[in-house]
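These are the structures in question, set out in turn.
Consider the two complexes below, in which chain A is the common component and chain B and chain C are the respective partners.
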Partner chain A sequence: MSKKHGLEIMLKRLLGKDSREEQVVDGIRNHLRLLYDQCCLLVKLLKDEDVVLIERIMDIEREGDIIRRRVFSELFEGAFIPYMRPHLYRFVEICDRAMDTVEDVAKYYELAQVPSNLKEPAVSIAEMTSSMAELLLIAYDTFQKGKDLRDQMLAIRVYEKRIDDVDHTIRLEMKNISVTSFWEGWWLGELCRSLSLVSDIIEDAMDVLSLIQVSLR
Partner chain B sequence: MNPITHWLYLTGGVFMGWGLGANDSANIFGTGVASGLIRYRTAVLVTAIFVILGAMLEGRKCITTISDLTSLSPLFSFICLIAAALTIAVLTFYAIPASTSQAIVGSLMGIALQSGHHPDYRLLIKIVICWICTPIGGIIFSVLLFRILKLLFLDRVKSVTILNLLFTFGILITGTYGAYALGANNVANVTGVYVASGILPPFHAALIGGLSIAIGVLTYSKKTMMTVGKGIVPLDPFSAMITVFSEALTLHVFTQVGVPVSSSQAVVGAVVGIGFARDYRTINYRMFGKIAIGWICTPLAAGLLALSLLFAVRQLPELPYYCFF
Partner chain C sequence: MKVSEFMTKKIECINADASIYDAIERLLDKRIRSLVVKNANSHKPDGVITARDIVFKVLSEGKDPRRIKVGEIASFPVVCVSPDDEISKAMRLMKEMNYARVFVCEGNCVIGVLALMDVMQASLVEKARAGNHA
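Entry: the complex of A and B
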């Protein structure tokens, strides 16, 4: 056992229980795991065009809402010092917004089918988003251990930049797509917008996580 | 002495103690209460208990210094306290970090010069040096504690939940120590002059002084605690903890020297120290100017006010002599 780890265990025993904080920490981890699962399902949905997965994505979003409420309730009842609470609220809210946006993508997918020339870039964006969600989960575990988040942050920024590039390609391609009605065009536009928005939100979440770490040092 | 007069004179000290408790308790748990880390009720109870404990166990060290500074009659001790209390009220209104220690010594000097009692100048020089050293002590302790505790805890404890526990208990422990140090150091400002005039023996002076500070904490500290606390809250929890710890340590060191000093100036010094330890560009150098103004204005104003009050009292020949002595 390392000296640092030994000190942490000693302090934990000395200072007493921290179950409320542990519940918040576990709740946020579960929330992030759900976000990652949701992103993986989105990749499968766009790749395999299996619409049954839409319902599953929506279920995960509801599970995420339940966890978010539980974490908020623990924070409201006094988990963590007041200095940290606003940052933690914000982090959970941003992650929840990411899950809502993934759900939006799934809903729009049900309404507007992705044209064949857009399928590949859309799948590419979904895959990169899924990698970003995984990185966020890893970053959270790294944050919990108090280690440096720079690697994960850099990787997330690189992915986000790539997604922006692919998103630009999609927008250029969309000019040539003919639609039969206003709604068909609008749904497709919203699908593409929501798809690239998830990565922006994950990047925001990563920034908040790094902010919490910096503010405690 | 007439018992009614005796109690009348004591009201000055009790009032001074009440004001000191209501104001200076904010320097101890202000951050914790305003940020919601500690409940107000817990904070005031802990402060009241440890202020009394500090006053009883170590208050005598500073009481002796104040009583040795000059000899006084009971009436003069009463005037001293009233002049000091009024000075503090006016300077606090103008947001100058005034010190009760400086006010009481200033008024004592005013009275001593007027009544022809020569003060102990060597003791006075020692007191003035300690006043100047108070914010400097706050800065030094703050920088040292910041570096040491960062190395011991902040750099080694990585888990967010453990850090959270550390801050919660840290604020409580440092606050408790702060309350003890406040009682030990500042009780002399409240009842030290009564020992000089022979109204109270040192033990009773410590007890009454500690109790009156505790009453101030218990009855009227919420407003100042929230105001001061919210002003300090932008500090991160670790820095806030170090600030209170440094203030307590500064007060305790000067208690061992036997000189009552200002807790507010110790806190200001500690916050400046945090600025030095973290990033010197964040330091507001105008605060040094304000402290310097406080050093000059507080004893001067208290001394002049004490002289004026003494002059006013002497203009009342129709009052029976035994009312005052």
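Entry: the complex of A and C
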């Protein structure tokens, strides 16, 4: 029996038999799907400046919380072998933190005025972050099939590096922006910080998923 | 995958009348390998000067970089692709012409650059996206 085939059987055993396990697996997928939807809405918010979307982004974060609690409860009630549970908890927690941070961006967007020279790089970061969320979802599907996650991991690192470069440009530009009050500057700073933080968190989530896969070999 | 997704929007420009020394200073300061060359006459298309041009056409020839103007050794016009072109088209062009980068233009205006590293990253991402269909 090949190594890959063995891993696939093990994953099927771990991920596919019991309905409790199935609920966890489906719950995590829905959670990742929500993260991707939320990132897409963030792109639209920054691009079209449609503040109505802020409420929707916050709603998605709440939906994410509900799924997270349900997944945690299934895990607590005994889904998966004890060895797997902490890793799955951690993965879901990190994805949830990514959703919280997207919500933060939307909230700060409501408070801060994004100067015109920062709009284009901010949209660019949001677009790349949404691509990363899509890749994380693809990676999860690939993981379920028992296939190698190397491609998705590399692609996520590519985006992370590109986001770092744009983030650096934003920071350089920010030096020249004049603000009228402490809070105006604070909100804008937090908006930019949170915006680039989402990609770091998605990268962390990808690392944990990859570790789970390695630990199953 | 479109060129606009992976092009670098940050481009540095230099005047064709500037000296090669100025160009070297700018390349080292910004840690980049090429500069878009602007003519004083705005109707003329933009050109490009690369680190390779400077090393092969000036430094290795023992010429004084302070006495040579950027316009004398730059290549005109730049090779352009549209932001809506597929990366594969840009890649073919780069291979045929043996270029390390192509510029992304809208009309006569250069809005970005697509280098070999960007093409490599784009192909990686494309492969990763195809993961769930494989």
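Note that in this section the second predicted complex is superposed on the first by the 200 of 217 C-alpha atoms of A that agree within 3 Å, B and C clash if a C-alpha of one lies under 4 Å from a C-alpha of the other, contacts with A are read in each partner's own complex, and residues count from 1 in each chain.
The rule is simple: a contact is a pair of C-beta atoms (placed from the backbone, for glycine too) under 8 Å apart; a residue touches a chain by one contact, two chains touch by 3 or more.
All values derive from a computational prediction rather than experimental measurement.
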Q) Is A:F72 in contact with chain B, with chain C, with both, or with neither (first, second, both, neither)? A) neither
Q: Considering only the touch criterion stated at the top, classify A:K147 as touching first (chain B), second (chain C), both, or neither.
A: both
Q | Which of chain B and chain C A:V25 touches, first, second, both or neither | A | first
**Q.** Winner by number of chain A residues touched, once chain B and chain C are compared
**A.** B
Q. Touching A:R162 in the superposition: chain B (first), chain C (second), both, neither?
A. second
Q) Looking at the overlay, what does A:F91 touch: chain B (first), chain C (second), both, or neither? A) neither
Q: Based on the superposed arrangement, let me know which partner A:A139 touches: chain B (first), chain C (second), both, or neither?
A: second
Q: Answer with first, second, both or neither: which of chain B and chain C does A:S124 touch in the superposed model?
A: second
Q) What is the contact status of A:Y83 with respect to chain B (first) and chain C (second): first, second, both, or neither? A) first
Q: Could you tell me which stretches of chain A are touched by chain B in one complex and by chain C in the other?
A: 147
Q.
Residue numbers of chain B touching chain A in their complex, please.
A. 35-37, 154, 156-169, 233, 236-238
Q: Can you check the complex and tell me which residues of chain C touch chain A?
A: 9-10, 121, 124-125, 127-129, 131-132, 134
Q) Along chain A, where are the residues that touch chain C in the complex? A) 120, 124, 131, 134-135, 138-139, 141-142, 147, 151-152, 154-156, 158-159, 162, 169
Q) Residues of chain A touching chain B in their complex? A) 3-4, 7-8, 11-12, 15-16, 18, 21-22, 25, 80-84, 143-147, 212, 215-217
